[in-house]
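Next come two complexes built around chain A: one with chain B, the other with chain C.
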Partner chain A sequence: MKALRKYVDSVKPNFQEGGKFSWLRSTFGAFETFLFTPNEVNKGGVHVRDAVDLKRTIIVVVLALIPALLMGMYNTGYQHFRALGQAAEFGDMFLYGFLQVLPMLIVSYVVGLGIEFAVAQMRGHEVNEGFLATGMLIPLIMPADVPLWMVGLATAFAVILAKEVFGGTGMNIWNPALIARAFLFFAYPSKMSGDSVWYGAEKAVDGFSGATALSNANATGATGFDFMDCVYGLIPGSIGETSVIAIAIGAVLMLCTGVASAKTMISVFVGGALTAYLFNIGGATGMGSLCWCEHLVIGGFCFGAVFMATDPVTSPRTECGKYIYGFLIGAMAIIIRVLNPGYPEGMMLAILLMNTFAPLIDSIIVGRNISRRKNRVKQQAK
Partner chain B sequence: MSEVIKLKRGLDIRLAGKSETIYTQVAPSEQFAICPADFKGLTPKMVAKVGDKVNAGDVLFVDKQHPEVLFVSPVSGELAAVNRGERRVILEVVVKADGVATTRDFGKEDVKSLSRDQVINKLLKTGAWTYFKQRPYNVVADPWGPIRSIFVSTFDTAPLAPDFDFIIAGNEANFQAGLDVLAKVAPTFVGVRSESANNAFAQAKGVTVTSFAGKHPAGCVGVQINHVQPINAGEKVLTIGVQEVVAIGKLFSTGVMDFARVAVVCGSEVKKPTYVRTTLGSQLTNILKDNIASDNVRVISGNVLTGTQVESNGYLRYYDSQVTVIPEGNEYEFLGWAMPGLNKFSNHKTFLSWLTGSKTYKLDTNMHGEHRAFVVSGELDAVLPMDIYPEFLFKAIMAQDIDKMIELGIYEVVEEDIALCEFVCTSKLNLQKILRNGLDLMAKEVG
Partner chain C sequence: MSLSKKNKEAFLNPLTINNPVTVQVLGICSALAVTAQLEPALVMGLAVTVIVAVANVVISLLRNTVPNRIRIIVQLVVVATLVTLVSEVLKAFAYDVSVQLSVYVGLIITNCILMGRLEAFAMQNGPFESLLDGIGSGLGYAKILVIVAFFRELLGSGKLLGFNILNYDCIQNAGYQNNGLMLLAPMALIICGCIIWWERAHNKDLQEK
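Take a look at the complex of A and B:
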């Protein structure tokens, strides 16, 4: 590794102030710090620091997404051959899905990182690592058949308007990946939902329905799928969202490493289950009659609860606030599913809505701390 | 003793290089220095001139705003140099010892027969007043006006910190005498470690004793104040260290200022960690002589969280009783973010080292990352056992919103209380510096 370090040191001056490529300073810095943790030492404050940094944290999130990604690839192939009415080997199914999903992943990363690098360069900042997770999340919450240009457009929209205009990683109000999905959802609704967007429906055999569990439930009050298939993830849906097991592996990794907040995650499930249960006992029909446990395993509920709701930047920053936030996301997702016939899926909108209210939740909790302090002064004055 | 206040939040950084409770003899230093930077908000005004003969206890410089606050020489000798930095700021006032211990006698006095003003005047006259730090702002105490209370923490939970139970041995009576003096100035509170074996602390008389248990920063006096009697706007609270209390006790019982201090020399780069008997402001050369294991090291007066970086021929800073030597971390690490991290200390569980139990770590000064905006939430709260939302406070300071700072409790914290927040911060923000900027702004705008 010494040789590599030497090489990096030898080309470094070109990228620094006054060098030939100084306009690529941020880009060089991003690659350099990716290869080598910087040699920068603490000055002025603490002399030692925790070994963790944002790269480490984000990498754990990316790792946690891998099971959902792999399962999504397999399921894409599985659904494809099911639609065509053909039998296929495991390898063929995975390969088909792999070739379908990989370009989306590449487009998302190239477009997103391209914008991140350009913006960092313009501002003279370092490139933030936040997009490494976002870039993975964006394809995972899209249907596998979505055109690549739409992936690129949505990514660009999300990175520029949901993130960089606010100041980059750590400053955004809404989860950028969900903004990407919401953008396509409202701009190109026919490509994002309905029965025909999944897995090459135009070539499908007669009698095949591409309907998702959610749209079935919306129409008939039943998912139309075996419960265990929903858990394994062998149902139509966005790439990463279908397999509860794959998502659970990611959840365990993120909770064990403390990267995601267990408070938020559990509260989402509690909120969702309780609300669905209330609809059940209230005698609601249609989507409302769906058992609470089915609600939790279909659509984007699990994926949203594990990977989207727990985004620390767009969640409340207070520990107590996380319970309220999570609970309301779960409750809101089910309410939108049941009461809004136009949108069979409520998770995306529920999380974006609660992202908006996260600062308000914090403000109330911190406000209680402030009034405690004021009361203390009053009591002493007495 | 009353109940124990158990603090759940906090973190003990398990550094290698802890000293056994033993003393090692070291040759006395030849040079001593008082560094005005140790006193926040101080503008020093020199009184003695370079070349002047001084006795131990003679004035070197005074506080320009409060000329009655004297900073005195810890040894007798000659004022050798006034080292200045940028814009002629005084960095060090160096006294070369003459080896003859001529000390000024201020007269024995029974504190019971003195009035509060007489006590304060004596503390001012002898230079002992500078042992107090004032909250809010952690500045040299203003002697005039009401003082709500005085707090003494009798234990230090910082990494490799000295054990005051050990240091105090033999000086128990002087400690109590010192507390009697403090109690004359203002109601005094003593924080003790719940498992402290030393009766001088737990059974201190004339003061309110509170017992604490928990990880660092349980020993930080600010945390103790927050749990006993939080500081409100407009109140003034003084804090003072154990050895300084002993010195004040000796001053009143013998009439002579005692500048002797015990310091612990520790850290992974110290060959033989040990306690040494030394003097306030002592040069470190003799203390560290033949005791440093390698060249690429950082010498810190104080602990690794709040201490001051000094040269190996630098000086023991005013309020410190610890010298830590750790490796300098100015090296690159290949794919540092991707390794399993069994040998890395972290309060976050993304490194597998959390599975390896309670081994100690040789930490270096590397930042392990770059500055970022706040992203990870909850990590700062987890190491601050106070009823304060640190992240919101820091954001208020960054926005220079004075009203918000007051509402969020800036009066209750100083740098050492939140040093652990800076340690665990994933975004590598300089939180102590941010807080200092906030405190300075407050001192300027609110006073």
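Take a look at the complex of A and C:
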């Protein structure tokens, strides 16, 4: 350890102002703070600093995603062998999924981090850790058989046009991972439509694809899958979104560490359940006749509620706003699912829509608070 | 023929540092609507160029005789006449394109670039300067339309001017797919944004402090 510290210190002058590689300053800084805790302290004025910095927060999100990732890998293999009609060992299934998912993960990280480093270099900023979570989320919300170049293209599109143009980590209006998915959803609908997901089985069974629970529900009003299978996650769908249990483990971790807001999360589920229930008792047909509890476990509802809606950057800051924001996400997701047959998966569009309105919600709530206090002062003055 | 400095500016500025679409941000709606393919974009750019140039000259000739209070009406009459003429010519000689452009030819009358140039330039300057300014503004608009339409048609449907460029089996089998998002209006806006980004990055005068 000491030798490493010595080495880092010895090459440091090269990367500082006036050094040979001073243009690589932020890259060096990123690796140095990755290896060692920075010992810089604030100068001037009084600052209260929490031990939990951006790095810790992001790492908790990444850890919370691990169960969903592992389950997604297993499920990819499970669906593959089920489609082929072959029996396979647990290890074979997992290995198949692992080899399918790992390249997507690598592409997403390499492309995204490459752009992040390059932009930080150009602007002379520090490299931010925000992409570590985004890079993990991107493959998890895509079907397992999306071509790798599409993953790379979508990642580049999202990082440049949804994040860096707005000023980088913490300044984006929309969730970059969802923008990546939305890009593919509209650009290459045949790969992403949500009606059917390929299991990567096209070599063995030519052109085989299976309907997801959502498209079954869209066509017939029933998911076509066992309810408990939906909970365990043994249904076709995007890699990380299928298993409710794996997502719940992540949710507990994020709630216990305080990284995600329980208010947002719970109100998404309440909004979704209530809207679906209203469709149920209103006698809607097709997707609307689906039991409210089934609506919550199929498609990306859980994943979106736990990992996407709670993104602190794109959700409202006011506590009361989080209830409104979450409730409307849940409600919009079900409304889009039921009323628009073109988009069986409403969660992505609902979250992006509410991301757009999050600043407005904040502004209204802050404004109301101000006027309420003004009124109180007036009352007292009387 | 050598032009005075002012005339040169009147002609060249709209093409570069005072582009009607990317700097003044006018005429965006038609830039989104007609740029899914290159051909209608070219025709639209040409139509707007002709109309702005002629309307500029006419208004410039009338500028001292039109009472100030009814100048907008007069401008509208001139523009409407020209738009109707262009629309009829398109229907007669390029019917397919005119069908593709549908209402957007008629909507040139509401194009902010037109009224902007008439109000801001033709009302104060002579006919020759106004002609140059009109051609420059029209071409500046056409330039952006063509750039946007080039990317949208090439990446969206794999063609250029209707000729097949990318829809060959050898390319498709390699895993390439046409990008459906390019055919939707939001992508035109994003491409416009990227052009603005590029222009501002390369031109210090355009950067806002």
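The rule is short, and it goes like this: the second predicted complex is superposed on the first by the 358 of 382 C-alpha atoms of A that agree within 3 Å, B and C clash if a C-alpha of one lies under 4 Å from a C-alpha of the other, contacts with A are read in each partner's own complex, and residues count from 1 in each chain.
Criterion: a residue touches a chain if its C-beta (ideal position, glycine included) is under 8 Å from a C-beta of that chain, and two chains touch if they have at least 3 such contacts.
Just so it is clear, the model here is predicted, and its values are computed rather than measured.
Superimposing the complexes on chain A yields a three-chain arrangement in which chain B and chain C fit side by side.
Within the superposed three-chain model, A:Ala187 lies in touch with chain C and out of touch with chain B [touch as defined at top]. By the document's definition of touching, of the two partners only chain B reaches A:His47; chain C does not.
Measuring from the middle, so to speak, at the Cα centre of chain A, the directions to chain B and chain C differ by 100 degrees in steps of 10.
By the touch criterion defined above, A:Leu161 reaches chain C but does not reach chain B.
When the two complexes are superposed, the chain touching more residues of chain A, out of chain B and chain C, is B.
In the superposition on chain A, contact of A:Arg376 is made with chain B only, not with chain C.
In the superposition on chain A, contact is made by A:Trp149 with chain C only, not with chain B. Overlay on chain A (Cα): least separation between chain B and chain C is 14 Å. With the contact threshold set out at the top, not one residue of chain A is in contact with chain B in one structure and with chain C in the other.
The residues of chain B lying in touch with chain A in their complex are 13, 15, 159, 230, 232-233, 298, 300, 304-307, 309, 324, 326, 328-338, 341, 344-351, 353, 363-378, 381, 387-389, 391-392, 407-409, 415, 419, 422-428, 430-433. Taken in their complex, chain C has these residues touching chain A: 175, 177, 179-182, 184, 190, 193, 197. Every residue of chain A that touches chain C in the complex is listed here, in rising order: 147, 149-150, 161, 165, 183, 186-191.
Residues 1, 4-5, 33, 35-57, 59-60, 126, 128, 130, 167-171, 256-259, 261, 312-313, 315-319, 362, 366, 369-370, 372-374, 376-377, 380 of chain A touch chain B in their complex.
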